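Next come two complexes built around subunit A: one with subunit B, the other with subunit C.
And then the complex of A and B:
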């Protein structure tokens, strides 16, 4: 259960990135490229404790202290892309800058970019997973329900997709797409391609559930009463697959997030200025960035707890599903 | 035996054919080709570009070109590379050798480490060492490959203990035969290690569960009751039975290994087929893309074929069936 709450919290952070991030994803400070993460102080040099944390700007000629303010108004943004707002959870007065995770080559706040980047990366994962699972329901449902040569044909086709090394497949498909199109088109195409080629695994799982579901007594009884195939599938068979579907979704989303990140890292996915976790990691391809600025590695490290939460949530969902089914 | 083998081979050939048609058709969907950027060059006339396209047969419809390509494949001709201005086959052969060296080494290491680890944790099931192993493997499973490889690159860059890319040093030409082998081994170490770590956790888990399942079988209890030593029970009685699912796993693991290898090669600059594919995609060098995808599928099919043959050799039940 804890995992599910954590997952929800993480999604909440990303969904309201505009509020939690102190700056916009494109806000640059050319004066401070590759600034190290800002230390947030609670104790001053005399050893006195301050309830209001502060940061020290030692870059300029004389060191200045900027207290961290909460619920400050700053860069305007839109909540969920619709409602305009400009209140941020925290921030410091200009010209001070707070970089919790350091800044990148253009002096953009990595923390803000991570949160905003999460929006496109998570969205990519979500859409692709939805696509895979929907095709999975359709194909798996038909194959499991009708059986026979339909089943054989569909599952053989699925094996083809399962057998291929997915990264090569994704590359081959990506090669077919035009290279110079707008970032949003790239994003949508990428997501649909990922979703389309990943249908085989959910389809197999759903087929298995459908195979056993259609033999349950109440399904057989409903058929005996003359229920049509479409009705049986919709009303009795497919609802039994929802538990598996939900667990599959939770497992597929991080996989697709990672696929998006990998493709973007290799320069085949979403590009600047659209923030995504892949574009954030892409700067690590330069050796000097990797060797000199360790904080550029932070977004990569943050992916690990995120994925851990996803896998734990999938486990939790499976447990819940089991107890409900019994 | 022959019937079993023929069926497997036919299956593999069909799969390869399907992959080739699929990828060829996909690649033709892309707007523009390798010569499209030339059209923007005012110094090159449209007729020259058209001539180049005609020379490589790009002006013909794709089913015709596919037929042409397929006929060439049987003669060892994989089509031309536009970017390298040479046939694809020799280009690919060098890269494939490098990839095989990398994945082969990594696979060997991964299995050599995973088998004892898996057996030990199956035997000590529930004890603290098994639990600690479980925590480590799940932690490794959660780390995305990309992050793992970047971390290893970071290690190489910061420590300076290992070369950060390439397969040979600049002075390779002057080295003796033994020196050359050492040089390649030195460059191979880090990418192979990265790849082995990426595949290891899943292997350990599978080996552990396969062994646990076998160890619960009645014949193992009977063997123990007869006073046969634990070593002998494990290695002579349990392991051969547990080998069955593991051999199938080997076939599957080729696919994951190839995908991970692509990433390792690009990140740690190993001159295998991964970087070649990436370049070719960016340049729309279609026959190179096609050749690379086909080659990876061939590796995959071969891996599965080897697994099938091993199964046939190890498992009498499969021999009886056919």
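And then the complex of A and C:
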């Protein structure tokens, strides 16, 4: 249950990224590429405690102190992509900069980019996973339930899908598309590419579950009482795949967040300056980042608990489902 | 020397294939004046130098090699007639000990060194030279050197005068003719004539041959090739250079090329002491290596700007037949000089130098970098970045702003995409910075990183792009290596290649200047002509030059005589003089 709350909190942060992030995702500070995370102080040099935290800018000739202010107005943004606003939870006065997670190669605030990146990555990952799993249910369910040549046809078709050389197909897709695609189109493209590539594995798993489920005594009994195929599938067979579906979802979402790195490389992903978790992780592939700027790991480190929470939430949901079913 | 090539990764295609060499001790039958004596600190003989290659060489045939790893190895195995000294950037004698130029500049008579032997012991003379040029000029062989050896539309003719004299004749005078010979490796006729006449030349000297099937005039010869791991070369005992103490060169007993597929892996191997020299790495990795410079037994050199220039350019092709209406509409912006000037004024070149190259680069406003001291034009203005000036220029061209977005005189919002190669992190970063700079003018820019080949296809054949960030590396400091970039009918005339006749008056002027400098023999006059070309580039902005990265190299402290240069191959050009302690 705690996991569900945590997950909701995470999603809330991401949904209202504009409010929680001190800067816009594209704001560059060209004087401060790869700045280390800013230390937030409560005690001053004399050892006095301040209720209002402050940061110290030691880069300039004389160290300047900037108190952290709350509910400041700054870069305009849109709540959930619709309502315009410009109040941010916290910030410091210009020219001070607060980089909670350091800055990237362009001097952009990593914390802000992490929150905004979550919007595209979570949404894309979630929708793509839903798409994969839905196609998986449809195909796997039909194949498992009806068996025979339908099963053969669908499953061999799925294997064909798994065997396709996707990299080259994606090259071809990119070549066929116009050079610049609007953000919305990129998003749809990402989701559909990932969703369509990924359905075959869930379909196989679901087929297996359906295959065994349809031979259970109560299903056979229901059929004996004259239940229709649609009713049997809906009421008795598919509910048994629920657990498999949940685990599949929790596995697919992180996988899709990473898949976006590859797609970006092929010119099919979220392009600069839009942030995504995938591109934030991609910078870690470079030796100089790995060896010199430890704070570039922070997005990756944050994703680990996030995905664990996902997993725990799936567990929790399954528990609830079982309790309700009983 | 070579033409500037679009495959910037294989920098300097067509450049020198020979290692500048050093001399051999006089051998029986070899006249003492025919050794070449090199200055420099006399070193220790023996030892092994280990360097990394990005991939396996595809061939050891100097005529067929197009990839940089193959060329890197071949440079150590072969020699040319006249060589460009990488330190002075001037020509110097190599296999030809001297040469005369006829008064009309069309005939070159070369005196060859006498008594030289290939690495298998067979003697070298004019027949090998005539044979080599026959192969390079053979249209069926299709060597990359061939188009350099075609002057004024006609191939150079090669005549054997006597056993040690060869005469080259050209259809028209050619200013940089001496530089033509750099990189044209002389082949052993006794080993290759059979396969050339028998039609098997395209297979000759691939890596599967036995080491004794191969011979050259370079400082080293092939010892062993282990697929997937390394190529090992051993000292050529017949090499024709000596140090000033009379010791035969090269000093090194062996050179080993390891195959290490990525830049990061090469940097790590160098850092660990597995390899002795490193070039072609990013300023970020330079910074990483710098931290341990004092403690780890290696040193790094920043040689300042090289010959690479990176730039932004717009699609100025005639799209009449191409069915690209969207791009054709945007060309009214791209073709407007004031638009290009505004874009140039708004770009923060210093920001690029700082963010992309960590300060190890130089901002540029035309194609000749400050590294090219012989040809750089000091009169080119270096205007500071000015968003205000950019706005004024746009206003004077009839553009206006609506809710912060720039709209053209017809009311259409200004929006375009910039193509870059996804495998080149630096250029993608440059494009991202430009995107942010232009957003301050109200221009919406999309950065589109594409696979390298997909990008080249769009730039050179489908013309389906709006703007692109690219870089070119001159194969030589001399402007002749840039002919195919600035001539309007050149295939690397990127913004509008292969024109039947010049599309604009300034391109026509540039054609005239480039052709004239090619046949002018006096350096000062040529400099004037090429200065004007640079001025046209800076004024008309067919390419908006941005930045030239510094050449960065590193070597283990145990390597002596290490003198890196800004011309390819940067680090190992004097491998015949290198020694290890």
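One rule holds for everything that comes next: the second predicted complex is superposed on the first by the 226 of 326 C-alpha atoms of A that agree within 3 Å, B and C clash if a C-alpha of one lies under 4 Å from a C-alpha of the other, contacts with A are read in each partner's own complex, and residues count from 1 in each chain.
By definition in this document, a residue touches a chain if its C-beta (ideal position, glycine included) is under 8 Å from a C-beta of that chain, and two chains touch if they have at least 3 such contacts.
The model shown is predicted, which means the values in this text are computed figures rather than measured ones.
Contacts of A:105 after superposition: subunit C is touched, whereas subunit B is not reached. Within the superposed three-chain model, A:291 lies in touch with subunit B and with subunit C [touch as defined at top].
Contacts of A:268 after superposition on the shared chain: subunit B is touched, whereas subunit C is not.
In the superposition on chain A, A:171 makes contact with both subunit B and subunit C. Of the two partner chains placed by superposition, only subunit B is touched by A:304; subunit C is not. When the shared chain is aligned, no partner comes close enough to touch A:90: not subunit B, not subunit C.
Once chain A of one complex is fitted onto chain A of the other, the partner contacts of A:26 are limited to subunit C, with no touch recorded for subunit B. Once the two complexes are overlaid on the shared chain, A:54 sits clear of subunit B and of subunit C alike. Looking at subunit A, you'll find residues 171, 174-175, 178-179, 265-267, 287, 291 touch subunit B in one structure and subunit C in the other.
Across the interface of their complex, subunit C is touched by residues 26, 28, 30, 33, 105-107, 171, 174-175, 178-180, 264-267, 271-273, 286-289, 291-292 of subunit A. The part of subunit A that touches subunit B in the complex is made up of residues 160, 163-169, 171-179, 258, 261-262, 265-268, 281, 284-285, 287, 290-291, 297, 300-301, 303-304, 307-308, 311. By the touch criterion given at the top, residues 15, 18-19, 22-23, 26-32, 142-147, 150-151, 153-154, 157-158, 164, 255-256, 258-259, 262-263, 266-267, 277-278, 280-282, 284, 286, 289, 292-293, 296-297, 300, 304 of subunit B touch subunit A in their complex.
Taken in their complex, subunit C has these residues touching subunit A: 264, 267-268, 282, 284-285, 287-288, 326, 348, 351, 354-355, 416-417, 419, 422, 425, 428-429, 431-433, 435-436, 439, 446-451, 454, 458, 464-466.
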